[in-house]
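Before we start, here is the structure in question, set down as structure tokens.
Here the chain labels run A, B and C in written order, and each chain numbers its own residues starting at 1.
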Amino acid sequence: MRTIINKIIEKFNRNEARLMDILLDVQAEFGLISGDAVTLIAEGLNISSVDVQQTISFYHFFSQKSRGKYTIYLNDSAVAYMMGRADIARTFEEECKCKFGSVTEDGQIGLFNTACIGMNDQEPAAIINGIVFPKLTESCVKDIVNGMKEGKSVPEMMGELGDGENSNKLLNSMVNNNIMKTGSVLFSDYKNGTAINKLVTMTPKEVIGEVKASHIRGLGGAGFPTGMKWDFCSMAEGDERFVLCNADEGEPGTFKDRVILTELPNLIFEGMTIAAYAIGAKEGILYLRQEYHYMKAYLESVLDKLREENYLGKDIAGKIGFNFDIRIQFGAGAYVCGEESALIESCEGKRGEPRNRPPFPVQKGYLQKPTVINNVETLCSVVKIIENGGEWFSMMGTKETAGTKLLSISGDCKYPGVYEVEWGIRIRDMLEMVGGEEAYAVQVSGPSGICISKKDFKRTICFEDLPSGGSIIIIGKERNLIKDIVCNFMDFFIDESCGSCVPCRSLPLILKNKLQKLLDGNGVMSDLTDLENWSKNMKAANRCGLGQTAANPILSTLKNFREDYEALIKNKEKDFDTGFNLDAAVAASCEAVGRNPQI
Amino acid sequence: MSEKIKFTIDGKECIAKKGQYILEAALENGIYIPFLCNMKGVKPAGSCRLCNVKINGRNMTACTTPVAAGMEVESEIPELQELRLSIIEMLFVEGNHFCPSCEKSGNCELQALAYKFQMLVPRFPYEFPIKEVDASSPKLYIDRNRCIKCKRCIRNIKDENGKSYFAFYKRAHDVEICLDKELAATMSDELAQKAMDTCPVGAILRKEKGFDQPIGTRKFDKQAIGTDIISVVENINMEVKE
Amino acid sequence: MSKPVVATTSLSGCFGCHMSLLDIDERILDLIDVVEFNKSPIDDIKEFTKQCDIGIIEGGCCNSENVHVLKDFRKNCKILISLGECAIMGGLPALRNGIPIKECLDEAYLNGPTAQIGNEEQILPNDEELPMILDKVYPCHEVVKIDYYLPGCPPRADLIWDALVALVTGNELKLPYEVVKFD
């Protein structure tokens, strides 16, 4: 073990900032990161063991115990449940004779829940030893578990490959793209390298000027003007600069980056190269979520090809002195790493805890150097902006939100998938487009966004009305909004807080318990006031976007679906109900001493 | 001498060194802003969120935000005091804070804040979480029931090579502090004392020590937290020169 | 006008809060001038004989009897006060709250050092007459509605005095810094 671990540490130059990669390699090698491995890594990097453990224990996919020869991570997002996740989970448990969160007695199969894996358009889905199994049925679960019992390898159990590049032998994936609508920016015809060839004829100032002229705003959700971000970064003091691409798409319900990474990886890397040229960066990092690890070989091959074609590396496209290269940094399962400063921390091998601002990443980002972080989709759009000019882009969309947007649409609709639309699309038109006219509610921009009712279906998707990072979840009448959706979202936020800020660590669970009190029939009207007031503190007190929006599922449904909450309160006059249940409270002790409870 | 700038807290004129954090500057001007995770001389964490102040209508933590010239800071306003009290209450229900049996009672900063805000009962239900106590190291006793995850120990207690004795473990609701066993085995008495003094609550205690101050003579028995702050600024107009 | 009627009880507590009530010293004479005691260990009245104005609760709820008494107080008193840490947050009895009840019982009656002699038959008490143990110790306000809280272990005598005077006279209760303490 010592030799192997030392080799891994050497591979990353004994650099503490590469701890994530070291841990990923160690886990890939041994299936877990044992106590001995922790000691060896700590020795090798000359840090204390608790510093290694703090990173391991932060990420969902790292484990200090074996999670089985076959490790099954079954998505537990709200949409997965809509698509029959409960039956799939039950079948797995029955077939494996083991509960989720544990490993079979023989140590062969581990069953684990995981947050949205970016497959909402083909749920229920699981990741088994890194391979995505979409559209699971009870019979295919039985086949999979039987295969495991026979000792088959996971690739042997795979079914039909997906469309497009998914069937490329480097991807070899059963995932389908489900591209339902192509638009005029991302999916327009493009010859690889065109933008880079044009780029090198421009000055960095001209590049930033073109991006500014396009009025493009960050498409990850926050909507900060990209040109301005680049400008700030290029002006910030620093001897080195970095370009980071955020491919962590962890917002439940979004999967558009998956499709871009599969079909248009060139655009991402060209976009990063353009950003690098504009700000003067030599190094770029694509931060990719662990859930998309199956793309590793494929994306590496795309990078290799770009290097061969001189679109990456030294003197790019013949421009002397323009040097830039990209590495892929995998995450290990943490929604909060989609927050840009947490992403930087993760790239530096640390826990993904968001930083305090100021300073902003453009001033002090990766390794404390000026850093631009952009979303996958933003960088791809920039390629087209350089190709066709800023003005071309600015003509599309709305007054304050130029261009197009990729929507990841899932839930109760006929045609889930990815749609490239111009900003400003009306919710009602969108529902018609996807066969979701019957919607009871629409969750715009994922759990951290807002949940709207019919009366808001006339509203439009754009920053001046309903901003969206792309996740659209359609919720049908047959759903119990509070139980099936709001509680699921709160569970997500309870698990995904980094744990630093007190309110974000503590309140989501308190709020969830309050929801449960209502669902149990013990609610009183003042519980609704409490829910509202306490939820507001989340926004007021927390440091990062995750914490500030973690109560949005409650706040927006309280506002738009108040009648659903009030329906849970049987007696509206009642001013107090603790929900205390004597039968339940004495059950365990009566059983322990062997007597009949007498209430 | 570093450049001095003027700003105000709740309308009171204050001065700060350029680049100084609001919280630090406030203390020097004799103004107390409640906090738990901050510690003089230690890089601010901004994690307890108690020192949230309002600047241009936006909440910012005073411990991590540098003063800007002319900045108008609001601190003791009902909205923020209410927010602070609710954070204190969250800390009381998310841990197991049995004050009557705690060695730190009377000297505990969390308890002192509850006294200052006259918290009679938290508005939130008690969680009574299950937490491990770690008494495996020779000098220290770690009681995670009382830990408020302020990270002061993580930031302040290092060995001569800069290695951390303490670190976070796990995340979200389950986050806890861990003491490095190997380093703890050779910890000096001085460092153990420093660790205990660094902890604002009773989560890090020296072994074979405790309850040595009678009730009535402890730090916060008679004097509220933050009332002993003395301004070091003598004359604002004299100190700020062009 | 008739005097306000006060009832008190100790649930899962140590009677320390009642001791602190007695610690108001000679002011107890003033107190009985202005209030009348009903069900309380102070006058040894065992059952409510009339509707009361103020119920003072010491201790949290650790068994079914505590719950019944507390609910009885809620029914018979206009105002309920949680007096002391145990009533407010379970107090020291709630130190068991993280431990499964079976483990607690085994330790108390079978495995603990004091259980070795006297329980040779290894019996966990299960007589129907005994109150049933709750899964955890509950703060009073998590069982019934509580109107006021007076913290302390025990609450300072002055705090109890000031609070009762304020309630009886209808004056505003001012709490000096020194009286609100948790130990």
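Basically, a contact is a pair of C-beta atoms (placed from the backbone, for glycine too) under 8 Å apart; a residue touches a chain by one contact, two chains touch by 3 or more.
As the structure is a prediction and not an experimental result, all values here were calculated from the model.
Visitor: Of all the other chains, whose mean CA position lies farthest from chain A?
Guide: Computed centres place C farthest from chain A.
Visitor: Please tell me whether A-C or A-B has the greater number of C-beta pairs in contact.
Guide: If we tally the C-beta pairs in contact for A-C and A-B, the bigger total goes to A-B.
Visitor: Taking the mean of the C-alpha atoms as each chain's centre, how many Å separate chain A from chain B?
Guide: 33
Visitor: Give, as an integer number of Å, the spacing between the C-alpha centres of chain C and chain A.
Guide: About 50 Å separates the centre of chain A from that of chain C.
Visitor: Spell out, as numbers or ranges, the residues of chain B touching 2 or more other chains.
Guide: 125
Visitor: By the touch rule stated above, which residues of chain C touch at least two different other chains?
Guide: 136, 141-142
Visitor: Quick one: which bits of chain A touch chain C in the complex? Just the residue numbers, please.
Guide: Going by the criterion above, the answer is residues 575-576, 578, 580, 582, 584-590, 592-599.
Visitor: Can you list the chain B residues touching chain C in their complex?
Guide: 92, 96, 98-102, 105-106, 111, 114-115, 118, 120-121, 125-126, 128-131, 215, 221-224
Visitor: Residue numbers of chain C touching chain A in their complex, please.
Guide: Result: residues 64, 67, 100-102, 105, 124-126, 128, 132-136, 138, 141-145 of chain C touch chain A.
Visitor: With touch defined as at the start, can you tell me which chain C residues reach chain B in the complex?
Guide: Against chain B, chain C makes touches at 82, 85, 88-92, 94-95, 97-99, 136, 139, 141-142, 146, 148-151, 153, 175, 177-178, 180-183.
Visitor: Please give the residue numbers of chain A that touch chain B in the complex, ascending.
Guide: Touch list, chain A to chain B: 46-51, 53-54, 57-58, 334, 351, 356, 358, 494-503, 505-510, 513, 530, 534, 537, 540-543.
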